[in-house]
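Across the two complexes that follow, chain A remains constant while its partner is chain B and subsequently chain C.
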Partner chain A sequence: MTPKLAGPVVRSWRALPRPARIVLARVALIPPQLFGVLLVTFVLVRLLPGDPALLLLGNMATPEAVASLRQKLGLDQGVAVQFVRYLGRILHGDLGTSIFTSHPVVQDLIERAPATLELITYAMILTIVIGVGLAILAVIGRGGVADHLTRLYGMAAGALPDFWVGLLMIYFLFHIAGWAPAPFGRIDTYLTPPPTITGFYTLDSLLTGNWSDFTSSAGRLVLPVATITIVNAGGVMKMTQTAFAGIYDSPFIRHARACGLPQCRIVAMSLKNSLPPIITTAGFLFGFLLGAAVLVETIFAWGGLGQYAVQAVINSDYPALQGFVMLAAVFVLLVYLVVDVLYELVDPRIRI
Partner chain B sequence: MTFRFWLRRPAATLGAALLLLQVIAIVFAGMLAPYSPTMADPLHSLEPPSWQHPLGTDVSGMDVLSRIIFATRINLLVSITAVAAAFLIGVPVGLLIGFYRTIASTLVMRLFDFIQSFPVFVLGMALVSVLGQEIWNVALVLAILFVPVFARLVRAEVLSLRERPFISAARCSGAGDISVMFRHILPNAMTPALVQLSISIGMAILLTAGLSFIGAGVRMPTPEWGLMVSSGAQQLILGVWWVSLFPGIAIVLAVLCFALLGDQLRIFLDPTKRAPGKAR
Partner chain C sequence: MTATLEVERLGVSFGPSGAPRQVLHDVSFRLEHNEILGIVGETGAGKSVLAHALVGLLPGDGRVTDGVVRFEGRALADMSQRERQRLRGGTISLIGTNAKALLDPVARVGTQIARVLRTHRPCPARQAWRQAVELLGQVGIVDPAARARAYPHELSGGMAQRVVIAMALITRPGIILADDATLGLDATVQVQVLDLLVQRSRMLGVSVILITHDLGIVAHYCDRVAIMRAGRIEELRPVQGFLGRPDTPYSESLLAAARARPVPAEQRHAGKADKLLVVENLLKLFQVGGTQPPVRAVDDVSFSLERGETLALVGESGSGKTTIGQCLLRLLAPTGGSVRFDGQEIAGLSEAHFRPLRRRMQMVFQEPYVALNPRWSVLDLVSEPLALLGHHSRSQRLQRVEELLEMVQLSRDLARCYPHELTAGEQKRIGIARALATEPDFVVFDEPTTALDIRVRAQIIDLIRSLQSRMGLSALFITHDLNSVRSLAHNVVVLNRGRIVERGETEAIFASPQQRYTRTLLAAELPIEWSASRRAGAATVANPVSEHSA
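Entry: the complex of A and B
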């Protein structure tokens, strides 16, 4: 940037409202991050032992067939050229064809994404509400029963394997008690899923006024969401507790208490001021839940992205696996973008 | 180390007891296990817990207790090896990129950012699947995933330590880069990484078990906790609970053990948290 240009640019930048500056500055970081993600997924598949062309054609392929496929895939060229061609394909929305389903990977991912997003969204909301709620209880009732119980829970939750908790829930709540609906899929098999509006069965069935679809899909969500929440709320609780206790003991809250404000107002004030670290925790949580979804979807035959990824691993379906890893990373990038923007919006001390 | 010493520290006692239990299981697996961990016995398939088979048998008639005992070897050795390797690589790397602030150190940090921007389990699953589903590949992948964790912790410490007066003092008395790094900075920068060491082993145990559970890791009939839970998952809704329940308990206890030990290590290594007047 030439000095002549810098003045007006800086001035017009300063003229923008603060939220716009926050969003623009953060969005500018996306292209290099995206490039990094694509580089990693490219390297991932290059790590494959053996010749990809041979892998696709099988051991019985003739040398000519292998050579022609190598040429078609661009394997006879340098790694840099291959990477550029790979970038070009991705920019055209081509993630290859799944070996297992023989559909384009993009189509497979788009079909399955709503199932996973619905699961993760509800699990995330519940995890944050319970985690933050327990943290507040623990800090307010310090030294009391709530404090000890939450500490025990925090310790135990960190040691629980989510796939095992899911299986226990199926055994006790479905098999023994019979309270929970069957752990097979998102909706009862005799029902037709609601037409796709948002892709969330619960929302779509409400929007179309289909009550039986709603109760069925909401019921099917209970066990997987509870599994994810039980395992992850402990971590959220521990992180919130540190942040919330710091604010709760700070001089300005002591002043508020001395002024005679009621307890609920004081808790609300402390919570508002400990929001930035909670928002960051929520961002981390999303990445965690994508991993948890892989395991939990397998157990509950959810039919989302996680189960697709497991099938890809079992069948050595590398295009599908590559597509899933890329989508997961892009999701996480977007969530971090939202988290960073929110973080800066709620903390007026950050200058931009 | 009297009886009272342990009684006053229930968390440390539980952690140490669990660790001892696992060491015993690893060393004396052959003597403790009543049956072979890999020998199928189709005549005694899916037997509930009894005197012959204290924790029951799985679908191919293998004794669950014997498999849990033998699996301790695989689960713990893989997790500990992976985390130890990550520690041995991550700590020096963190020291170097914290001490020398060049373009290369920035690039290494960006690389760590990228690795950590992927969900851990998703990247682990993809890497194991691509490298080949072998137990040592699981260890390798876990090591790769944990190197940034240790490097970051050490780097953060080094960045604050290198500006402190005692480093200038060491410089004035003629210490070179190597001496400053290893004699003056490293010993003071280790605490967070040491505490993380124990916690990471617990996380590695959970990841290893999760990977085997979805089929990206060891294969049957290798005794491995996650794989054992998965092998019982099909029969669970038929009322066969013992095949999945017991290996899961083993996972929980093992992870809990390293979490408790990490907590104790944090208290032990932090002089401000020790009770006053109780010098050790």
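Entry: the complex of A and C
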């Protein structure tokens, strides 16, 4: 990844501390990646069947109106010019107008993205904690109760559809037991959502000191987060178990034991050594959930991004779909940036 | 006075309690203060199991079925979990084989040493780090302050072994248990590491158990020796007496194998000086990337080999000997220079043109197990090269495989076995049979005797010698085991860092080495005959009363 540069540049590059080199080398890749994403979304729109102007105006439009809109949208220009204009619009935060909601796509996304992000962020944290935690318990207590239970769970988790788990939870915990709050959105309807600071209701209500908003929004998160976690922690657990067990039996861990290091230290050592595959899996899962949480969002009437995207597909709402694809791509790009940086930070053997 | 370690009638079993497999039987010995005890045995004798039983860390379902292990009079079995943890690393430190695998790959070596110290003697992190750096300097690491910040993958095998020794010494334990600690290291590094370990131990008054399969090590460093076989201690005596006259036939055979002082390589029939292989100015560079200059793995090397001659390439790891062998067989493409085989230039040949020559040039690879496809039976493995000779019928192939197995002195029943079912010596023989299957003119033996038990090593040397005389084989013999060079090679080329340092007839080189590097190599040998002089050297700081009787 080191650029081939003249001697002094290389020397000052080498003089940087390793973490700085890792971050700089990886961040330098962002602009070309971003350009690629924009190019793909642009081409995607070009590939869509039908004339965007006609699509926007509907079938009853007069030819004159279509022509003037084509001119206004720049569709009568060459492809290169159109791409430059497209880039210019995006830089100004203009992703077009949703045909279905008639709002600017950017506004729709800003409203809905935090809902999904809040849901999947908490779900990810819980998934990793539970997945990794169970894996460690299973490996340490091999042949014990934890080992057998996790094996059972690992088998079941792969076979559980998320909507089914969600419905079961609603049925038992809300309908029968009445412990959980209703599966209708992110916050009780009689409460006003907290002012937007981060977009996460839980954080915003804490920051503004609104206790009732916090309990309500946190309560509403419990079931959907639990659903996503139950479905996905199994995969993380199995993967971690494989990586962790391999390390836990390795010669250097046996040597650490022979040196008298305490058990907690040995587990920490093994975990640190098994981090790379865990980081990769978690990063992949996080990017995947952005769109894949749609069934859970639907069941809990969450009003998130996945629902928005599905709606856009159903209604042939191309600007909205394009906006979603771009947002998802950028999100995945950022997640992978973090993944790559973490990956290289935890493994000193990777040369930068 | 109580011994520092006392083992009484120790028995260890593995497997289900219904049908246990007993691995140690009735093992008893005492380790006195400031004593160095050698435990010698071949693979499978139970040496490692004994080491792990002593620290209470038997692998898998292993368990102590009989007897007691006492430290300063306290039985291991009576200790609590916590006490045992304090014991490990605090009272008895284990140094294992292959140090690079014993270090945490994602922690700095200084941190790892300090971690052990702080576990046993809680102290501020900075102070622990300072002590770790100081100790690294004492175990012979140059620039210890900088090296302490290195990660294990940045160290050579010898340096990693020193770090592991530092980890063992940092808590000032009473006993050090070295389980084949120098296996796989270069002889020169092995001597340095052992000298260091023994000197520091004598200085600090630490008792050492050296577990090894190398009687040379025992002869040079130990006060007493225990011979283990099949989970029992066969003989336990002071080293001097043992070397003079062992008690059991088994010890006798071990000593005889270790002594196997060359019958020097047989003289060739003085025929016409017919050069089979001529290597001129061979060059092999490895690009390391970035702006660093390429590594000159083989740097302007020229030598030639006559028909029926065995030439040894000798040097430490990293000297380029294996690279030369691989360049000759075009497993690596040489960067420059010329290689002529039987008059034909092969250095620039395309693989398609070189392929017919492969039948005539073969290689026996270094790691027998790694070089054999684990999913193929011996029959498949040995008959694979026969494809180079053109079509054979099934029965012809089978017959040829049996001939080859007989040639390498293996039973034909092994034909149906898979590599993992064979011993290391048998795997080596299969590797040799594969190389000889095409009746080649020229064979490269890459480290044929390393990491083998003494007696197996002697057998392999005998086998190669008999093949040499029967087949008139021309061979290049790549090794750092000088002992086998004497028995096998007519001529020697000594390599250091890709360059030829010295060359000549084997006897001449051994008798009067001209270059300092060659002398260092020779001095690193630990033949059991010279033990007295070296023992004096190693024991300079020894306690004068280090000899105890059992």
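Operating definition for what follows: the second predicted complex is superposed on the first by the 337 of 352 C-alpha atoms of A that agree within 3 Å, B and C clash if a C-alpha of one lies under 4 Å from a C-alpha of the other, contacts with A are read in each partner's own complex, and residues count from 1 in each chain.
Assume a residue touches a chain if its C-beta (ideal position, glycine included) is under 8 Å from a C-beta of that chain, and two chains touch if they have at least 3 such contacts.
Predicted, not measured: the structure shown is a model, and the values here were computed from it.
Residue by residue along chain A, chain B and chain C are tallied for touches, and B comes out ahead.
Contacts of A:L29 after superposition: neither chain B nor chain C is touched.
By the document's definition of touching, of the two partners only chain B reaches A:I299; chain C does not. Judged by the touch definition given at the top, the superposed model places A:P251 against chain C, while chain B stays out of reach. Residue contacts after overlaying the shared chain place A:P262 against chain C, while chain B stays out of touching range. In the superposition on chain A, A:L334 makes contact with neither chain B nor chain C.
By the touch criterion stated above, A:V9 is placed in contact with neither chain B nor chain C. Here chain A touches chain C in the complex through residues 2, 4, 7, 10, 250-252, 254-262, 265, 269, 272-273, 346-349, going by the rule given at the top. The touching residues of chain A, when paired with chain B in their complex, are 33, 36-37, 39-40, 44-45, 47-49, 155-156, 158-164, 167-168, 170-171, 174-175, 183, 287-288, 290-292, 294-295, 298-299, 309-310, 312-314, 316, 318, 321-322, 324-325, 328-329, 332-333, 336.
Residues 55, 57, 59, 85-90, 93-94, 96, 98, 101-107, 115-116, 119-120, 151, 153, 164, 167-168, 290-291 of chain C touch chain A in their complex. Interface residues of chain B, counted against chain A in their complex, comprise 110, 113-115, 117-123, 125-132, 202, 206, 209-210, 213-216, 226, 229-230, 232-233, 236-237, 239, 241, 244-245, 248, 251-253, 255-256, 259-260.
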